[in-house]
Every structure is written in structure tokens, then in C-alpha cells.
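Structures are listed in the sections that come next.
Below are two complexes that have subunit A in common, paired first with subunit B and then with subunit C.
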Partner chain A sequence: MKILKIPKKDLDLFASVLPAFGKLYAPVKRGSGYAFDQPASWSDVTLAYPRTILPPRKFFLPPREALFAFDAGAGYRDLLSEASERQVLFGVHAYDIHGLNILDRVFAQGRYSDPYYMTRRKNTAIIGIDFDPDAQHFARSMAADFADTGFDLFLSDIGDDYLVRVGTSRGDDMVVMSGCLLSEPTPDDIAEFKRRSSERVAAYRTGVELGDLPEILEMEYHSEVWKELGDRCLSCGSCSMVCPTCYCFDVADEVDLGARAGRRVRTWDSCLFRTHALVAGGENFRKNRSSRIMFRFYHKQRGFVAEYGRPSCVGCGRCIGACPAGIDIVSVIRMIRGQSDAH
Partner chain B sequence: MLTEAVRSRSAPPLENPYQPYLARISRIHRMVPDNHLFQVRFLDARLVETWTHRPGQFVELSVIGTGEAPISISSSPTRPGILEFCVRRAGRVTNALYALPTNGLVGIRGPYGNGFPVEQMEGQDLLIVAGGLGMAPLRSLLWYALDNRDRFGTITLMYGAKTPGEMLFRDELVSLADLDSLNTLLTVDRDPTGTWAHHVGLLPELFKKVTLDPRRTYAAVVGPPVVYKFVLRELLAQRFPKDRILMSLERRMKCGVGKCGHCSVGYKYTCIHGPVFTYWDAINLPELV
Partner chain C sequence: MNQAKTVLIIDDDPDFVRAVGHLLRSAGYAVASASNGRDGLAHAKTARPDLILLDVMMQDRTEGFFTLEQIRDVPALRTTPVIVISSIYSDHPVFRVSPESGWLPADLFLPKPIEPARLLAESARLTAPGYVAGEATTGKGSELR
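What follows is the complex of A and B.
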């Protein structure tokens, strides 16, 4: 991998070439949190942020997206061209890059690929940046604290400079277009990268043990913990909405006035919603809240492991902050493990 | 930027798995109240020619302006050209379908799901057990086996409905009862007509009337939960291997391609890992039955 460095003071100059690669989105302050948005100017961008409210998933699977336009006589015309805008996401944390790599396994790999997701993925450049973990991050436990793939460029703080890893040909195009802003790192720069890297590993205050978790979940299928969580869960779906790896969607046909034409629209859905497993005729395979919250945990920590070889959780900690009932995935895993002393 | 240009020129257009193709309803057969058989044919002649499916697979059927629903295919791939769907009038989309006239247009995409493992089943005896509406997906397998009769050992059909009036494909199945190549056992729970010439009694009682060889038989079972409960008990008592008992599940298969999450059972998706599961799968997927 090509490894370069850029002085921090030149980052705004570097950012000024990025619009050539697509509409620029970066973390900006929103309310009491941060959001990936178009900065009015580079000074609005906050690169030292804990996490954004929504993960970058929204750029690839928008909360609401028209798949087809339909017409009573002509049938269904796909709206793929609406997904083709080029975008640059600046300042994406490693766990969110892992989140996208996990979505790739579902939407891009396997027997069927999702052309809307794939088009956006292809047309969106990712520039990663490192971060200091806070008490809610447990990305290290989920093997998502460091990204070695899934970015065009990745920036690591080494003091007055960022070390820049170049991940793709497009990333290299950005380097080339920025002229002579980037240069070769010195052995001292590499030493500083390594020093900060182990410091960051040591900085994680929150963690869970993953090893035998899928098997323990199998054993605890009838645990009282699920009933207890079902009593607390409000089925609001907030945890799914802020999750970088949740991808359930619903599809509905919206008819224009005149009722001859309309659009087939997909929207985010959540397995916590009562109607998620409801079929025609009224049968609901997950009627009560405990069965739904239990399903969410089993799908992420058991099912996904069996199907894709890793949990569909990256330890970003967003769901911990988003849950109005105070359900905390880290303490749930500890409860299931019988480590009741925690929390 | 050159590499991007080369890439976009050489890459084939992405196939869109959500694209419905228009098909015309050529015939509506009012088989049973609220269970009509719809025969459809794609408008695109190329699709009519190239379409094929496996028994036990399903499609996503669109009623333009209303939405999409998963529907199992009742016709056999050995009878190409026309697709047949036995549709229960149950929800928004199927109600809208019932409002469409003959010659009306629908959208179809698929086929989806694993279907029955017919290659494995060939060379073996076949036991088809249907309860109620379970005949809809099993009819595809039945005709596949009858049209490839020399590839199977003995074929036994057991079908139970509440009354003769609620039996799907009744006239067709009654006429099959004369075939020597098929052991047809039809039963109804009760016969208010007094004219039913076949068995009266519960479906599991039919097991008393046949001798099966569990070591060389595949059992395909589809029906409501009560059918699974009692039929599985019979099959296990006869020492059928758990991976030779095949069952087909109904879930909310919204996208059909393993993306939308609605049809999950345990950690499998009904739409791509199923809808056909073995009884061994069922034991290992706690949510399955």
C-alpha cells in the first residue's frame, strides 16, 4: 500500500480538490451531536468527533428511495439513474468503514446484488480518519477499530501531520490532483504512528468477549433476560435507525393523483416494529416485543456469524446512546454471559 | 480518471433483481372461494421461452399501483409457456389481484427460493403430503414427477382438506386417482355433500393405508401447523431420516433476494435458504416451526 503524509495545516487545500470527485460530505456539528453533511466551508468540519448521529449507510441506502416509476400500461421503469450522483465522504471512522464492508456482503456479494446500493457504492469515495474511543465505543471487541480495506484514503493523526494510506486508484487520483501537498513519511513518522496506534488500543474502556458468544446465545435461547428486555423495549426502532449494519427495508407503491402511475419506494424498516414478520391473513411470527428484541440480538451476534463469519455489529455504540429505554448492548451481552457484576 | 472510464465502459449493466416483468392474465379459474387459479403469460416472448423454475420456488407478483406479494408457483417447469398461481385472497395485493379481469396485466419477478432438491429426489420413492392450501406449491412437484415418471420410484400423494369444496385442484386430482403410476389418497375431514367418493377422515390416518420405505423415500410436506405436527409424528415413527423430510414455509418474503430482512427464521432467510427446509433444518432453527 502506498503510504504518504500531509501537514494538518494543508488539509483545507487538499479538501478543495475533492469536489472534482463528487459532492463533499463531512462531519459537522448538528444540535448536540454530529452529522455527515455538506459543510458550508471547511471551517465547519469537525474532524475530532466521537460518532455521527446516523452512520454513513444513509448515503448508500437512503432512508427513502424510489426504485421504480410505474404506469398501468408500460409497467416498471427503474430509477437507477437517480442513484448515480458522485459523492465524497470525508472523515469516516474505521468502524463505519467496517459497517459498509458488512453491508457489501449482503448487498453486493452473493447470488443477487442490489444495483441501487452498488451504484452508490461505486460512485462514492471514502476518506477515513482515526478517532479516540470514548466510553461507548467497543469497536475493538468487534474487530472494527482499524480499517485495512474499504477506503480510498485513510488519515491517521501523527502530530503535525496525518499519515495517509492510499487504498484505491481513485484515492491516488486525489493525491495526484492535489499537487505536491503530500510527501513521503519519515521513519520517525512511522514510529509515531505505531506509538499512537498502541495508545489507542489501550484507550478502549468498554469491551465484550466475542469468542463463544454465538454458542452461549444458543444455550440462552429461553433465558429470562429476553423477557426482561421485552418489557423494557418500546419497539421504537431507534437502535436500527442509527445502526451502521442494519439494512431491513420495506417497499410500498405510491400512486399519483389519477391512479394510473406512481413510484415504488423503499424505506428503512426495523425488526423491532410489530409488523416486521406479519404475513397476509394476520399470522405474526414475532408478535411480542421480547421475541423481536431477541431476534435483533440473535441476528447480529449469532445468525450473521453463521452466514458471513462475523457479527453484524461494529461497536460504534450508537444504539447505546439512542435507546430511550436505556438498553445497552454491552450490558446485555454481559447479562447473557452471566457476568451480572458489570454495569 | 482513465481507469474509471475504462471500468465503466467495460462493466456489463447491473442486473436489477427488483425489476418486475409484465405478464398478462390469460385465465382465471375460480377453483375454491377465495382461492383462484391465475394463469399468466409474459408479454416478452423471449421471457416466455427462457423462463424456467424448480418445483417449490415462488415469484414476487406485482399488482401495478398496489404492491408486491410472494406467491408460490403451482405449475410445473415441465409445462412451460404459462405460469399458474393458486392465490389465496388474504391481503392488500391479493385483493387487488382478484379485482383484475382476464387479460389484465401483472408484474412478475423471480423465480426465487431453493425449491425442492429434485436432483437428489430422483431415483427415489416420493411421498407428497399436502394439507389444505399446501397443495398449491406441491402441485408443481407432483406434475414434475408425473412428467418425469421414469425418474422416480413409487409416487404417493396424500392430500387432506376440510371438505370436498375446499380441496384445491379437486377435479384434476380426482381424475389422477385412476392412474396406476400414482398412488392417490384424497381425504376430507367431513363431507357435507354426501357425494365424496374418496376417504373421509383426518390426513394422518392415510398413513395406515400405505406401506412406505423410509430409506428410499423423500417426503415433501406442506400444510398448516397442525399438519406438520401430526404428519411429522407419523414420519418419525416410521423412522424417516430427518433430512429426507422436506417442508415449505410461509414468511413475509418481501424482496425475494435475501436483502430486506422480513422473512428471516433464526439466521436463515426463507427467500434464499428456503422456502424448502428439511426437518433437520427445522430442529436447528429455533424460530422455524
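What follows is the complex of A and C.
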């Protein structure tokens, strides 16, 4: 992997050439939080942010997208071209890069690859940046605190400069395009990178033990914890909406008033919603809130491990902040483990 | 009588705006101005100028680059000719990305200080009926874009 560095003071110049690779999105302040959005100028961009409200998943699986249009006279019209806009996501944290790598396993590398997702993935450059963990981050426990793949460039703060890891040929094109802004790091720069990496690892204040969790979940299938959580959960689906790896969706045909034309539309869904497991005939496989929240935990921490070899949680902590009922995944796992500090 | 072509100058330097505005008015153009990218974009959306002169280094030293991207995002402005006028290359020698390499979706880059005769000639060329507006953004640079 090629490793370079860029002075922090020249990052704005570097960012100026990035639109040559696609529409630029970066973390900008939105109310009391942060969101990936198009900056009006470089000073709108905040690179030292804890987490964005929504993860970058929205660029690959939009909350709502039309898949194709149909018309009684003209037939079907594929809308895949609408997914082909080139984009550059600047300032993506390692856990969100892991989130995208996890989505790849489902939408790009699975049995049924999704052309809409794959088109956006191919046309989107990812520039990662490191972060200082706060009280809700537990990415370290989920092995998602450091990204070694899934980015074009990755920036690590080493003081007056960023150390830049080049992950792809597209990242290398960005380096070439930006002329002489990047240079070789010195041994002192590498030493500073290692020092800060160790500091960052030590900065995590919360975490969970994953090793035997799938088996413990197996043992706790009938635990009272699920009933207790079902009583608290509002089934609002907020945790799913802010999750970097949730990918449930609903598909419906929206027909025009004349009933001769329409579009097939895909929208985000959540396993917490009452109708998620409702099928024709009125049968609902997960009628109770407790069964739905239990499913969410089992899918992420047990089912996904069995299918793909790792949990589909990256420890970003967004669901902890988003839950209006105060359900905290770290506490839930500790409760399931019977640990005394659970609350 | 033909209506005067309109030019929007987006620059935070009032002396530059006054001087270039006077030059363009004397050549028969109607001139409007904005002192930052945000106001310039808002004005361009409503007034639909025939030509935009855009500075780069305003409140942010790369503000004009971002404004240009936003201008090109507006369908009605996608083919509006834009001349980027800046001293960024002389002020920041470390920035060695040639405007001729096609990365900038402008029709023309002119270094500051400008040559009045060249500005008038290029303004006339870019607002002439035969000019294919936005040519630069669909030409060589489009391979990268």
C-alpha cells in the first residue's frame, strides 16, 4: 500500500480537485449533529466529528428509490442509469467503511447481487478519516475501528499533516491529479502515526465481549431480557434507520391515477415495524415487540456471524443515541451475559 | 434593439468588481455582482446571466471552486459560460493542477491581474450566439468527470 502525507493546511486545495471524480459529499453540521452533504465551501466541512446522523449507506441504498418505470404503451424503462452519478464521500470513519464492506457481502458478493447498489458502489470514491472514540463508540469490540480495505484514500491525523494511505488505483489517480500536494512521509511521521494509533485504541471507554456471544444468545433464547426490552421498545425503527448495516427494504408499485403507468419503488424498512413479518392471509410471524427486538439482536449478533463470519454491527453507537426508549446495545449484551454493570 | 448581455461578477474584492464592472459596462454589457459564492449562486439561479466571472479565493481560499460545482449542479446553469479569474496559482505555488488538465468545469481560466483587452475578447466570444456554452465541461475534462 502506498503511504503519503498531506499538510492539513492544503486539504482545501486537495478537496478542490475531487469533484473531477464525482460530486463531493463531506460531514457538515446539521442542527446538533452532522450529516454527509455537499459543502457550499470547505469551511462548511467538519472533519473532527463524532458520527453523522445517518451512515453513508444512504448513498448506496437511498431511503427511497425507483427501480424501474412501466407504462401500458411504452413498456418497461430501466432506471438504473439514475444510480450512475459519480460521487466522492470525504471523511468516512473506519466503522462506516466496515459497514459498507458488510453491505457488499449482502448486495455485491451474495447469491443475488443488486445492480443498483453495485452501480453506486462502483461510482463512489471513499476517502476515510480517523476519529477519536466517544462514550458511545464501541467499534474496537466489533473489529471495525481500523480499516485496511474499502477505501480509496484514508487520512490519519499526525499533527500538522495527515498520513494518507492509498487503497485503490482511483485513490492513486486522486494523488496524481492533485500534483505536488502530497509527499513521502518521514520516519518521524510514521512514528507519530503509530503513537496516535495506540492512543486511539486506549481511548475506547466502552465495549462488549464478542467471542462466545452467538453461543450465549443461543442459550438465552427464552431470556426474560427480551420481554423487558419488548416492554420498553416503541417499535419506531430509529435504530434501523441510523444503522450502517441494516438493509431491510420494502418494494411497492406506485401506479398513476390513470392506472396505465407507474414505478416500482424500494423504500427502507425495519424489522422493528409491526408489519415487517406480516404476510398474505394476515399471519404475522413477529407480532410482539419483544420478538421483533429479539430478532434484531439475533440477526446482527448471531445469524450474520453464521452466514458471513462476523456480526453485522460495527460499533458506531448511532442506535444508542437514536433510541427514544434508551435501549443501549452495549447494556443489552451485558444483560444477556448476566453482567452486573448492565442497566 | 438588442438587449444587453448580462454578466455576473462573483468576487469579494470591491475594487476588482468596480473596475471590471466599468470595463464591461463600457463595452455594452449589463453587470451585476455578488461578494461571495452563496449570494452569487442565488443571484445566478434567478437572473440567469449570459456569463459569470468567478473569483476563487474569497472568504475561503477555495470558495470559487465549490461555487462552480454548485453552479454546474443547477440544470438551468449547466451551460452558462463561466470564466474563473484568480491568482490562486501565483499565490499558492504548491497548487500545481493545471486548469488546462480539464478538472475545472469552467469555460476559461484567466490569471489575475487580468488583461482588459483579453477579458473583453473572451467575454464577447463566450456570449456570442455561435458559442457552444459549457463546451469545456463536456470536452476534454469530461473524461475525468
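By definition in this document, the second predicted complex is superposed on the first by the 337 of 343 C-alpha atoms of A that agree within 3 Å, B and C clash if a C-alpha of one lies under 4 Å from a C-alpha of the other, contacts with A are read in each partner's own complex, and residues count from 1 in each chain.
The definition used in the following text is that a contact is a pair of C-beta atoms (placed from the backbone, for glycine too) under 8 Å apart; a residue touches a chain by one contact, two chains touch by 3 or more.
Since the model is a prediction, treat every value here as computed from it, not as a measurement.
> With the two structures laid over each other on chain A, which partner does A:39 touch: subunit B (first), subunit C (second), both, or neither?
second
> Just to be sure I read the superposition right, which of the two partners does A:277 touch: subunit B = first, subunit C = second, or both, or neither?
In the superposition, A:277 contacts subunit B only.
> Considering only the touch criterion stated at the top, classify A:181 as touching first (subunit B), second (subunit C), both, or neither.
In the superposition, A:181 contacts subunit C only.
> Between subunit B and subunit C, whom does A:76 touch in the aligned arrangement: first, second, both, or neither?
first
> Let me test your reading of the model: by the given contact rule, A:131 touches which partner, first (subunit B), second (subunit C), both or neither?
Neither partner.
> Which chain makes contact with more of the residues of subunit A, subunit B or else subunit C?
Partner with more touched residues of subunit A: B.
> Using the touch definition up top, name the residues of subunit B that touch subunit A in the complex.
1, 3-4, 14-22, 62, 64-69, 88, 90-94, 105, 107, 250-252, 254-255, 257-262, 264-268, 272, 286-287
> Can you list the subunit A residues touching subunit C in their complex?
Its residues touching subunit C are 10, 12-13, 15-17, 19-21, 23-24, 38-43, 86, 177-181.
> Show me the residue ranges of subunit C that touch subunit A in the complex, using the header's touch definition.
By the definition above, subunit C touches subunit A via 37-38, 59-63, 65-67, 69-70, 73, 92, 94-97, 101-103, 105, 141, 144-145.
> Under the touch definition given earlier, write down the residues of subunit A that touch subunit B in their complex.
67-68, 70-73, 75-76, 78, 80, 106-107, 110-115, 118-119, 169-170, 173, 221, 247-253, 255, 259-260, 262, 264, 269, 271, 276-281, 283, 285-286, 295, 298-299, 302-304, 306-307
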